[in-house]
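In the two assemblies presented below, subunit A is common to both, partnered first by subunit B and then by subunit C.
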Partner chain A sequence: MADERTKQVGAFLARQGILVAFVLFMIGFALANHRFVAIDNILGVVRSSAILGVMALGVTFVVISGNLDLSVGSMMSFSTIVVLDLHDKLGPALAIPAMFAMTLALGALIGFLVGYLRLNSLIVTLGMLSAIHGLTLTYSGGKNMDIADKAGTWFGGIGRGSVLGIPGPILIFGLLALVLGVTLAKTPFGRKVYAVGGNGTAAIFSGIPRARVVFMTYLVSSFCVATAGLLQASRSLGSQNTVGQGLELEVLAAVILGGASLLGGSGTVFKTVVGVLILGFIQNGLLLVGLEFYVQYVVTWIIIILAVWLDVAAKRGRILSPIA
Partner chain B sequence: MQKDTRARLIKDGAIWGFIVLELIFFSVAGHFLSLSENAFMDLENMLLLLKQSAPIGIIALGMTMVMINGNIDLSVGAIFALSAVVMLDSMGWAVFAPLGDWVIPISWALALLTGMALGAINGLIVWKTGVDAFIVTLGSMLGFRGLVFMYNGEQPTFHLNWTMVDMAQASVFGLQTPSLVLIACTAIVWWILNKTIHGRNVYAVGDNREAAVNAGIRVGPHMMINFVIIGFLAALSSVVFYSASGSVNPNDGMLYELWVITAVVLGGTKLTGGKGSVIATFGGVIAIQLLRKGLGHIGADTAMVSLVIGSILIVVLYLDKQLNRKGAEDLKL
Partner chain C sequence: MTDQDRKPALRLEGIVKTFPGVRALDGVSLSVMPGEVHALMGENGAGKSTLMKVLGGLHQPNEGRIFIGDEPVVMGSPMDAKAKGVVFIHQELSLAEELSVAENIYLGQLPRKSFGRVDWTRLHADSDAILKRLNCGFGSGAIVGELSIANMQMVEIARALTVDAKAVIFDEPTASLTDAEKVVLFEVIADLRKQGVGIVYISHRMEEIFRISDRISVLRDGAYRGTLKTAETDEDEVTRLMIGRSLDLSRNAEHVELGDVALEVRGLSCGKLFHDVSFDLRAGEVLGFYGLVGAGRTEIAETLFGLRTPTAGKILLKGREVTIHSPMDAIAHGLSLVPEDRKSQGLILGMNCRDNITLPQVDDLTAGPFVSDGAEIAIFDQYRDRLDIKTPSWRQLVGNLSGGNQQKIVIGKWLSMRPEVLIVDEPTRGIDVGSKSEIHNLIRELAKSGYAVIVISSEMPEVLRVSDRVAAMYSGKLMRIFTADEVTEDNLVQAISGLSENSRVA
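For the complex of A and B:
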């Protein structure tokens, strides 16, 4: 009986552990520094997490379908550079769709390689990380990209403006999270993504076009990357061509923290958002307590391991791994 | 049967064939395109190439073991940096001041111990928690990098010791220390993988973990030893490199994991474990360095290098899949 109860508590913690941890964190930091829960601080944290968050939304789809996407960082640099460059050549109204089309084309290429040719996603996206980096450098000629007339364009309004006091990036992040969350949880496509990640063979036998579903997840991911690039470009109005470097692993950390399994088949958009916010608030909280920015790396490390360990332990019903 | 042998020969020889192709291409193309007077394939250039391959190459040897084992290690870049910080910082410690130049071997030992300890942490977590190595080392990649920063803030750590620089740049038959270390390590890791019980277990565990457990292999400690080995090799790579340069930035070694994995995969080692060869990894390391140098020789910029290496990685993956295709496995996902 007591065993039963321990199991139930364990199962609850495994399902909602990340939320519990999140709440505990917020309370802890709030007690340490009152400024932490001030509304402008919270808005600031969410705004600065938005770019990472938007990318994490797309990667959630890819991870649930049982694949990885390590190319999002360098793809984000690409879309940022492209939109900044085209802004001066075509004007913002044309530059944005053109950039989306180019980024989606890259996503389609990856989707084709992983979905239809069934190549290992880790290596394909590792290769694409390098290839897209090269593409970006070639495109920009190795130079930083700047918008010539920064004051006279509405382009900056997307990343810098706000509606009813809510900053633009938060609005876009929230809207995208809502749309993608509903897509994943409530539509046939979303169910297929879970099916393909949960058991690919079974999915094929039940008539789900695995290749097309995987292809679509990479399109979703590249769409999110393009959005992130747009936010980055419009917030800074100028950029280095390595702006997204290393983000792919931070994005993955947020998705994993949200409880998506790398084996595929589990995870939700909502939990990914929580994962992103946890990373953002930890960073902010540690800074407010007076610690250096790099302390967050160590804290993130410990939290990721504990979160995944809790998840794995609850599933197998014991804390330590049974392997001898 | 004969067809099988031929397919195997193509696969095993592929990386060397690729290297030969690169050599021919860059020699011919260099003749027309290069601004430099020197031939691409001159001895000095090739020796330099070997030396430049060493930092990535030494780590790639350990990565081969870990990947044959069915795991992966994303934290090698951070281990590389932290070992260097420990080595260069410890040389200035007051405790060691009376030792004079004898501080060098002690600092080296401290750096290597750091690498082994970090590897042991990874291995222990993988063993005891049962969390996938990809996630564990993704976490420690961040965590170890954090430790690098916490050690010395955002400042570079430096200590120049001319005796040490001389040792790092000593040469035998034209081969400098880094090249010698790379070759020696390749030989040792080859010996471990092919001639020892531990090596046989590396393949067994990677091929089928269940079966390995049933055969009585203690999989947990076994995997931990491999993580200690890759930690050691990452630290050794760092010792070789920073003994010559004498200064490390806290961001050094970032993205090394990606370069290393690229080299290992080019060498034909499977991510799923069970297959792979350290000699082929050596080939993969040389092939990448050759590509970087060759493209530089014919006047291409770094952008082109990234583009080409990324594309080649994907093409190799595709060809490998075609060569390995068997009717029964077609539906395997």
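For the complex of A and C:
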């Protein structure tokens, strides 16, 4: 009986190891600094994680289908700069759809290259990271972008306002997570994403249009990036060309922390949200216990390695294994 | 010398291994005498691989002991097992193809000189000595990637002989060997036993087992079912021990009412793969395709299913000409393909049973925008019952099922699409003998219930068992189509060897 229970606990730990580690971290930080669990701190962490989180939602689709997207950071800079620029030229009501269309076009290009031409996603999106950065600099002439009349526009309301006390970014992150979570878990499209990532050949042999599914995952990803760019632009009303730089790795870290396999075929939107929050709270906790901001880059890396190692160790049943 | 006088080279005693929810091995005992070939048989899922993993140190047993000679041992890892004289020759080769034969033989234990330099002279001398012992026709300097599969296997065996092997375990060693190559392998095994090595030989192939083994031990459902002396038993007894009943190996003698022509193929060609292939297929009929590997059978199936583009010819379904550009087109026209390689083409191993079965029709199983759980489970239940798929629940991942049940999932997937024409490529590859006859019966039943079925197979008994007519392929050409009454093993072998052109009976 007791033996049975130990086994169940073991199985639970293996499945939910990340969540357990997260709770332990939280308790540790809370003991070290009681500010950590203050409501305004928690809300602050969630709000500042929201932009990263929105991007991670899209990348979850790409990773489950068995590919990578390293272009999201640079693409987010692009959409932020574009929407800020167009805001003054076309007005916010036209600027937003125009920016979405341009960002989706970039996603479609990646989707075409990876899906239909079957090029390696690492190479394609790493190249796009650089190419889109160049595009953004060309577009802006290398200058920072600012909205001229910051007081006279409703545009800032999206990123700065709140509904029923819930800040706009959190609301949009939550809504998008819900919609995309249900899409992935419950619709035929979601099922096909898992199938293509689980075994692309078998998916084709089952009559699933692999290329189209991969194409669609990059559209979803670029839609999320456009939303993140909108939130970023609206919150700051002005931006540098490099606002999204380095975010692609943090996004990937959050998705992996959530437990999606880089080999494709597994992961969920809910797990990614958990991954985003873990990353946000750990970075916040490190600041509160008095570590310098720059230390975070190193600590983030260590956390990723730990997460991946725990995941692999749970699957093979021991910590150090002579085989794979 | 009788068995009682000698000490076993290797002895397993009361091995128990449990996984969450499964008792994979339930008190299995086995002893192998020096100089004995001991066959280990059992259906897929009977526990053979688990037992070998316990022996090889990949799993630790929950109960039971392993003895080498008189000495109880604990196998901590594969390296540990090898150091103790237990060596495995696996079905899948694990060689570094870019390296030389000698480097592969001593991989991880290259002889050294001072400053850690490799002692090449000694390496090649030692390797050549082993190769000579195995009568290999190649030297230790050859690059492994350039050898034939059979010779690569010799390298694996050579690797086993670098230690003082007490027991060598062969796991399905002949799976990818030609008949001539098998003879060489059996000679090597005979040689090893002369040197007093105990040999465990795992295989599904009865004729091999009876040719080379001294005793046969049988596992079923993780339990030990007994050991037979090969000389005193026959295939029937072994089969009954393995599956608990006798096996039907007769030829197909049924004559079913044939329906309308379901599929017509006229002059179909695809580059160099196959040329000018024409045949008809009626509802209620099984057409077998037999030929050597590379004769173009699988390629015809892939072309019909839209995975390849034909360079010439026509495909007519129910009398209407169709063009098929993709599997989606094929499925829409009522064609289904159970592919050759179940694991890489047929299934998504990390997905559950239900989702695998409903995958091709998931677009149609919706309630509003969402996949309907109820509709999916209904389909799963229907085909689980109809095909007798053994799984604890639809939530089970397909990768955890036995080969036979996996194949039934693939067949169920395509039956649930209600196709007009069902193509089954190598329906029983890697499947144990019990499930095999189940799948043969299933194919006959499908034809009887009105499906038009194409069965592609490399096993003659299988083709003869299920087919109403047999198409013989040779080098991309359809040589002849035999009716069940006409076909004999002789004329079929002639046809697939390209010999029948002259002696053709019209």
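Please note the rule applied: the second predicted complex is superposed on the first by the 310 of 324 C-alpha atoms of A that agree within 3 Å, B and C clash if a C-alpha of one lies under 4 Å from a C-alpha of the other, contacts with A are read in each partner's own complex, and residues count from 1 in each chain.
We adopt the following convention: a residue touches a chain if its C-beta (ideal position, glycine included) is under 8 Å from a C-beta of that chain, and two chains touch if they have at least 3 such contacts.
Computed from a predicted model, the values in this text were never measured in an experiment.
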Touched partner set for A:K150, first subunit B, second subunit C, both or neither: neither
Partner chain in contact with A:I304 - subunit B first, subunit C second, else both or neither: first
First, second, both or neither for A:V124, with subunit B first and subunit C second: first
First, second, both or neither for A:I208, with subunit B first and subunit C second: second
Partner, of subunit C and subunit B, that touches more residues belonging to subunit A: B
Subunit B versus subunit C as contact partner of A:S266, first or second or both or neither: second
Partner chain(s) touched by A:R35 [first = subunit B, second = subunit C, both, neither]: neither
Subunit C-contacting residues of subunit A that also contact subunit B: 201, 204, 322-323
List of subunit C residues in touch with subunit A within their complex: 20, 58, 77-79, 305, 307, 326-328, 330-331, 337, 339, 344-351, 355, 359-360, 362-363, 365-366, 369-371, 413
Subunit A-facing residues of subunit B, complex: 74, 125, 127-132, 134-136, 138-147, 149-150, 153, 209, 213, 218-220, 254-255, 258, 261-262, 265, 271, 301-314, 317-318, 321, 331-333
List of subunit A residues in touch with subunit B within their complex: 113, 117-120, 122-124, 126-138, 142, 200-201, 204, 210, 245-246, 249, 252-253, 256, 262-263, 292, 294-302, 304-305, 308-309, 312-313, 316, 320-324
Parts of subunit A lying in touch with subunit C, wherever the complex brings them together: 7, 11, 182, 186-188, 191-192, 194-195, 198-199, 201-209, 265-266, 322-323
